[in-house]
Each structure stands twice: as structure tokens, then as C-alpha cells.
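These notes are about the structure you will find just below.
Which chain is which? They are A, B and C, in the order written, and residues in each are numbered from 1.
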Amino acid sequence: MNPRLLPYVLILPVTLFLCLFFLYPFVLVAQQAFSNSSGFTMSNFRDVTEHWKFPISLKNTFLLALAVVPIQLALSLLMATMVTKMKKGRDLILYVWTIPLGISDLAAGIIWLAIFEQSGFLNSMMGGLGLIDSPTNFLSYTSPVMVFVAIMLAEIWRATAIMLVILVAGIGLIPKEYYEAGEVFGATPWQRFLKITLPMLRPSLQTALVLRVILAFEVFAVVQALGGTLFPVLMGETYAYQFELLNSGAAAAIALIILAISITFTLIIMRALRVPKGATI
Amino acid sequence: MTLLSKVIGAASGIALSCTAISAQAEVLFWSTQAKPVEEAQAMREQVLSGAGDVDYQPNDGGPWITRLNAELSAGSGSIGVLGALHGDFSAMNPDDLVNLDDLGLGAASDTFNNLAKLGTDNTLYVPWMQASYIMAANKKALEHLPEGADINTLTYDQLIAWATNVKEATGEAKFGFPAGPKGLKHRFFQGYLYPSYTNGVVRTFASDKAVTAWEKMKELWAVTNPGSTNFSFLQEQLLNEDVWIAFDHTSRLAAAFNERPDDFVAFPAPAGPEGRGFMPVIAGVGIPRTAPDMEASKALIAHMLKPETQIATLRATNFFPVVDVELPGDLPPSVQAAGNAVAIMSASPDANPGLLPAGLGDKGGDFNRVFVDTFERIILAGQPIEAVLEDQKKTLMRIMEETGAPCWAPDAPSEGACPVE
Amino acid sequence: MTAATTEVVEPSQDTRKAGRFVYVTGVVLLCAWVLVPLYFLLINTLSSPETVNSYPKSFIPEFDLGSLTFFAGFDGILTALKNSVIVAAMTMVMSIVIGAPAGYALSRFEFRGKELFRLLILLTRAFPLPLLALPLAVMFIRTGIDDTVFGLALVHTTLALPFAVLITFSLFSGIPIELEEAAWTLGCNRLTAFQKVILPLVLPGITASAIFAFVISWNEVFAAAVLTIENRTLTAFLLQNLDTSPLHLKFAGGFILVVPALIFIFAVRKYLFAMWGIANR
């Protein structure tokens, strides 16, 4: 086969599939964002951005992503390197650490609400240890910081495993000889991590970060379970427009704004962690 | 009614009685009501067991409307009967609902039957069941009632004093309010707070009396459990005693009464200077124009309105019958408690019953949002009351003008769109 | 705790003892971080309704099976379970068969439109499915694949494809092109070189991305609720109404959803472990 055509043949199935099941409905939905009864309009974008909740939900979404993703990155790197050092039991440890991967955000919301609610496990524990006299209300409008921390913890718990699995797979592919050479030259474990693991891990880091960031901008169910109405996020506003206000134009407009933000961050990450060119034909 | 439609009506009546006997294709009952897993199970096993082959599927609002709209725009579908709130139906295009005049079915209340016409001349859904919002309290709270207060004739000032007493005695704010994401807080403002303080909802939205109402709301909020922004079903907080006094939908308080009937009391919503405002909840059953088997769908609707089905529905969902039926004595504690509270509320001398918003079409969500936004800005964000009301008033006026919806009780009737004064 | 069985590769020196202690503690703490919230879910699942609502909470389950028994008697729960498994399996197969070739193309070839292609793939995860569900449902009803497990699997594959493509991309990128070139010089053509050299190396990693596909499909609610009627999946059947259900049933339902995903990940943990075999090659 003509080697110049081969890559196109290889990406053809995905392209066709996504055109049919993503691009086609996407174009139909995106159209609605730019139209009203009288034809082309930008009024949907104006309406949603002028609503008083929009800046708040934008800020919340960014804050949460900014707080959660770096911690998850560090944590998953730590976990991945810890796993590499194990001889026995690592499949079990790896299994335990990837468990949250299988837990839907709705279920995660149920679990973490049981911990943080007033008569929940955290209060029971602190009461049992004699730290508090009566249960405190963590998820109250009077303590927005605590609400934020609760959401952060739940998100870190739920979504770190995604990055972990990608990074573990990536580290597994780094040839052992590199580390052996590093040891021969007297590199400390920390130096080996900085000079070998991190640079070699770039493709996996890129994938893990991009996926995680995109998903972070779409965060919703856990936030709604723990933050209630106190912590509006962009995706919550999208659903409110679509299903409560029955305004699909406005919903599509916010969704496109989220999309634009995601694209921007994706480009930044892809540039910052550019994968060295592989083989060329 | 023309002769032709009479013939069709008679024919369908015959078909109806035939299909009720013979085996029929499965009818998909696509509902936004009776969603909790226990209620759904009870609907399937008790309410619909005698209705032939029915597939009862309750859904969240999102999937419900998405599937319905997809079937309507594809022009064919599998949904046989829609079960939803009045507001869900009124958001639909009336042309998408089948005319149900020939069934000759309706509620005992003509007000409900008129609502079910959705502004047209025909019955587009049949009222199915009704509920209301009431108060519930843990009996432990009763000793803190302010001097001279009776829970059955409570006023908002007494409620605030009561919740304050409880807070002082226990050190915790134990009034609960459904301000969570799925909570029905907007109905409290539309049907309870506003009518009780301003004797209106739309006309009086930004009046001086409304300012007083929101000031009272602020006082009440000060003694409200600050976790209320997470509460959507107050039965949970009543049961775990995070909350001692609560306002919510009757069916969202039911579990508390059913699990510990001796620990809780139900009573009417409080009264304000303009009376005791309250509001009904109406769910209906209708047929989308894409229903695959029209006769089977109509037979199912007829089944839902039978007295014995209505009582079974009451047991299953805590929604009350819309037709006149003799209620049996062995109803679950939640039904007895809620039934009493609603009866006292309706019969109270200062009753000021309101109606559901009508004529808003698909702007019902926007209408609710005006009240929720006002609440979140004044109470949660602490913005000045007058400024917020002035600002939200513009949105409300735009909604009323766009839809041209006339005033509904307790607002005084209007010519044309209900004005915001 | 499982971590007790782990050993550290480093030679044991006195100076390393402190480090080892920190390491083992870290592993134990991270395992606890994942497992404790799940343990709370278990406690609540095995509690009577009164206990679920009580305060303070007990930290030992009382083994009341009432809530679980309720679901055992729930009409159609087995059919729903079966449907969920079928949809998830179909999603797994389709997303790998369609996605892996594209991942290979991205890692091995330079071709025009490559960056755009990657962006398009990522785009699909940056737009919320509930908004796309309406046009998709219309399309499915018109073409007659509405209310089939296959139709739902197509939508879930759309969700899983970005993961499949990006994970396989980073897997292939991690394998030095020299290995393949060596195979070519030894008389393999591109296809046989791929089969004999590359495939065995990436197969475990591909299994990992299949886990993603499975889990995504398993936990997806919205499309399942809209696109299946008679063939409901477990999530559409149960989960979408859990948040409005009484607390004890909420926890039991959450538990029922979490367990099969855990079992699945446990069943394939060998492959997660097998990725480690590569590192030690």
C-alpha cells in the first residue's frame, strides 16, 4: 500500500464514526446557539453571559480545575512511581488505587455527601474522638471555603485514577536500561525521576493532562451533590438552560463557551508538553 | 360536538371496553412523577397491575423531555402515555397533545379541568393526581412554640419566633427549607410567601409589601439550617433530625411520617398579613400525537382515573385523588397526616388559595427562575432587596409580555398580559 | 493491610529504613484514602433505614440486608444488568477496533491535518452528551436502531473513542520506532512487524483502555435513559432516580452500581499488572 495513504486509511474509521455520531448532532446543536426565530443572532451568547450567575459559575469552574488538576497530577505521579518500586503486591495496590475509575460521578456524589453532611461520617468520627461537642454543618452557605474543600476532596478522590492509569502505562514503557545507566552514573532517585521519568513520560503526561482538564471543565454531578445551589458551575448552568428553562439556544451557547475554553487549554498543554517527533516516513 | 366526533367517541368507547379485556400491546407510561424507586415499584405492582400490559418508566426531567421531543420531531415513537406536572404539559406545543375530549374524563374540580385545556378549547391532558405543600415538625420542637401559638393557625412571625426559640434552646438552626438544586423553593415564594404577604404574585412582585415579605424571609433564613442549600427532600433531614421544622411538598415529607409516625406532626403553611397563601400541585396524564396505539393509551388514562386506581395511586405516591372518592380508613400515616393538614389549610378562615401559573407556555422555567434568582441574590448573596426586585422585575415583565399570560389567583384578573406593577 | 506484602527493590541500608517507613506509610495511607469512603458506602448499604438516618454513625456494619433485598425483588433488574454488560462489552470492542488504528497512525506518521484530527478527537469529550442526545435520538428513531443495545453502544463508543485513541497513541509513542525498523530489516513487512513486535508489547495497555471504555459505558446515564426503553441498562433503570429515593435505598442502589465495576476491574487487574511485565523485559 502507498505509505503516504496509510495514515489516512488508519484514521478513516474513527473519522467516519465521529462524523456520524458526534459531528452531525453537534452541528445541529451548535446551530441553535447562533439562531433564534428571526435567523442568525448572537443574542444567546449575550443572554447567557449577561446573566448574573455566569461570572460566578465561570470563576468557580476555573477555580476548581486550578485547585484540583495540579494536585491530581502530583498525586498520580507519586502513586505511579510508588508502584514501580513494588515487587510483591503491586497488582493489588494498583487495583485498589484504580477503583475510583469504576465509580460514576453520581455514585461518588452520594458517597461523599454521606461523609460531609451534618449527621454524616466525618462528624461522627470527630464526635467519637471527642474533637467536637455537636455536629458542625460543613456544607453551609456560611462556610464557602469548606464547601469548596469538600468538593475538591471528592473530585481528587474520584478522578485521580484516570491519570494514574495513563501514567502507569507510560512509565511501564520506559526502558529499564535508562534507569540502570542513571544508577551507574550515580544519579539519586530524585534525579532519575527528573531526568529520565519526566521527559520520557511526556506523551502520557500530555494525554493525561488534556483529558483531565477537559473533564474538569465539565464537572457537575459531584459539585451538585455537595455544593447544592451554593457552588454553581458552567455545566450546571448548561443543564438548567436546556432542561429547566427549555432554552436550547442558550444551553448550546454555554456549551460552546465551555468547548472554547477546553480547546484553549488543550492547545496550551499540547504546546507545553510537545511530544518529540517520532519516525517520519 | 359534531355527529362524526360523537360516532368516533362511541366507537372508541367500544374499542376501549374491548381492549380492556383483550390482551394489548405494551403501553409505555413515560412519567416525571413517582420517580423514587419505591414509588416506581408500587406504581408497577399495585397501581398498574390491573391495567393490562403497561411499562411504567419514571424519568428525570432531562431524559423525559429529550426523549419526548425526539419522538415528536421524528414523527413516530413508543411513548403511549405521558405522566407529568401541569407545568410540563403547558411547556409543550398544544398541537403535540392528543385531544382527549371524547374520553369525557376530568377532575372533580373545574379549575383543574380548565387548566388541562392549556388555553385551548379542548382537554389536552386529564388531571391525574394532586398534592400540596405543608409544614411538618418533630414533636420535640412543639415545646418551643411561642406563647399563644397554635400550629394549625401559625403565622410567619410565630414561625420565625418558634424557629428562633429552637435555635436558642438547642444551639442549632433547625428550620428546614428545600433550597437545594432539586428543591421546590420557587413554589414557596410563588404560592406561599407572596400571596400571604402581598395577595399577589406577578402584579405585586416588586411592591412595598413584597419588600416586607423578603425581609421576613431574611429573618426566617437566619434561623434556618444553613445546610438548606443542599436540601431537596426534607423527609431526610426530618428523619436524621438535622431539621425539626420543615416546609415541603407532601410527597417529599412522606417517608418521615411512614417510618416514624409517632414522632412528627403535619400542619398548614403559615399565614401572613394577606391571609394563608397556599397552592396545589397538579399532575396529569396525556397522550403525545406520536403514540403508537391510541386506543390502548386512552384505555390506560381511563384506568388511571378510576376511583380504585386513584386510591392505589395515593398509597403509592402520596398524591391525592382528583376525582371524588371515599377514602378508606387504613391509609398510610403520611397520607393521613398530609390529608389533615391540607384540609385544615383549605378550611381555615384566612385561606388565600393561589393557582398554578398558567399561560406561560415554555417560559414556565424562566418564570420560576425569576423567583429563585431573587432568593439567591437577596438571601444567599445578601444584595439589597429593593435593587434586586427592581432588576428582576424587568425579567418578569418581559416574560409576561412575551407570553401574554393573564393574571391568575390571587392576583386580580387582568385584560391581556398580567402587568407587573 | 495489603501494603504489608509489598517489598522495596532498593537494597536495605540503615539510612534507607526511615525512607522505607515513609514509603510504606504512604502506600497504606493512599489505599485507605481510596477504600475508606467505599467502606462508608458499604456500612450504609448494610444498615437499616433507622441506622442510616441516625447520628452518630456506627463504623461497623450491622448487616441488615433490607435495602439490598428490596432491589433483589425489583422487577427487571436482572435484564437491566444483562443489558448493561452487553452494551459495555460492545463499547469495549468497538472503541478499540476503531480507535487503536488511529492511535497507531498518530504516533507513527506525519500527515497533513494530524493536529486538526487530534483536536477533533478531543473536541468530542468537551461537549456535553445530554445536549447531543436529542438529535441522536431523532436519528436513531428514524433509522430504526432506537431502543437497541447496539444503538446505545454506538453512542457510548463515541464517548470512549477519545480515550481509546489517545491512550493507544501514547502507548505506541512509547515504543521506540527502532524496534519496528529492526523487524523490517529482518524481513518483516509493516503488518507482520506490527503483529509480531508491537502488538504483544501494547496489548496490556490496550486492555487498560478497554477498561476505560467499559467503565464509561457502565456509568453513563443520560443517553441510556433517552435511547433505551425496553432494553434499559442498569444505570438508566436505577441510578437516574436514586437521588430522589430515600437515603437507605440511595446507598444500596449506589452500592449495586459500584460493585460490578469493581469486579470487572478486579478481573482484568492482571493486565494492569502485566503492563509491568514490559518494564521488566
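What we mean here is this: a contact is a pair of C-beta atoms (placed from the backbone, for glycine too) under 8 Å apart; a residue touches a chain by one contact, two chains touch by 3 or more.
None of these values were measured; they are calculated from a predicted model.
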- Message: On a CA-centroid basis, which chain has its centre farthest from subunit A's?
- Response: B
- Task: Report which of A-B and A-C is connected by more C-beta pairs in contact.
- Result: A-C
- Measure off the straight-line distance from the CA centroid of subunit B to the CA centroid of subunit C, and report it in whole Å. 40
- Per the C-alpha centroid definition, the whole-Å distance linking subunit A and subunit B comes out as 37
- How far is the middle of subunit A from the middle of subunit C, if each middle is the mean of its Cα atoms, in Å? 15
- Task: Indicate the residues of subunit B shared as contacts by at least two other chains.
- Result: 62, 66, 240-241
- Message: Quick check on subunit A: which residues sit in contact with 2+ other chains?
- Response: 118-119, 239, 242-243
- Touching two or more other chains - residue numbers and ranges from subunit C: 53-55, 130, 134, 242-243
- Query: Which positions of subunit A touch subunit C when the two form their complex?
  - Reply: 4, 6-8, 10-11, 13-15, 17-18, 21-26, 28-29, 78-79, 82-107, 110-112, 114-115, 118-121, 123-125, 127-128, 135, 157, 162, 165-166, 168-176, 200, 203-204, 206-207, 210-211, 214-215, 217-218, 225, 235, 238-239, 242-243, 248, 251-252, 255, 258-259, 262-263, 266-267, 270, 275, 277-281
- For the subunit B and subunit C complex, residues of the former touching the latter: 26, 28, 35-38, 40-41, 44-45, 55, 57-60, 62-63, 66-67, 69-71, 73-74, 76-78, 182, 232-233, 235-236, 239-241, 255, 259
- Item | Touch list for subunit C against partner subunit B, complex | 49-50, 53-55, 70-71, 74-75, 130, 133-134, 137-138, 141-142, 146-147, 222, 225-226, 229-230, 232, 236, 238, 240-247, 249, 253
- In their shared complex, subunit B is touched by residues of subunit A numbered 52-53, 113, 117-119, 134, 137, 139-142, 224, 226-230, 236, 239-240, 242-247
- Touching residues (chain side subunit C, partner subunit A) in the complex: 2-3, 5-10, 23, 26-27, 30-31, 33-35, 37-38, 40-41, 44, 53-57, 59, 97-99, 101-102, 104-111, 114, 117-128, 130-132, 134-136, 139, 154-155, 157-158, 161-163, 165-167, 169-171, 173-177, 180-181, 190, 205, 208, 211-212, 215, 218-219, 221, 235, 239, 242-243, 250-251, 254, 257-258, 261-262, 264-266, 269-270, 272-273, 275-276, 278-281
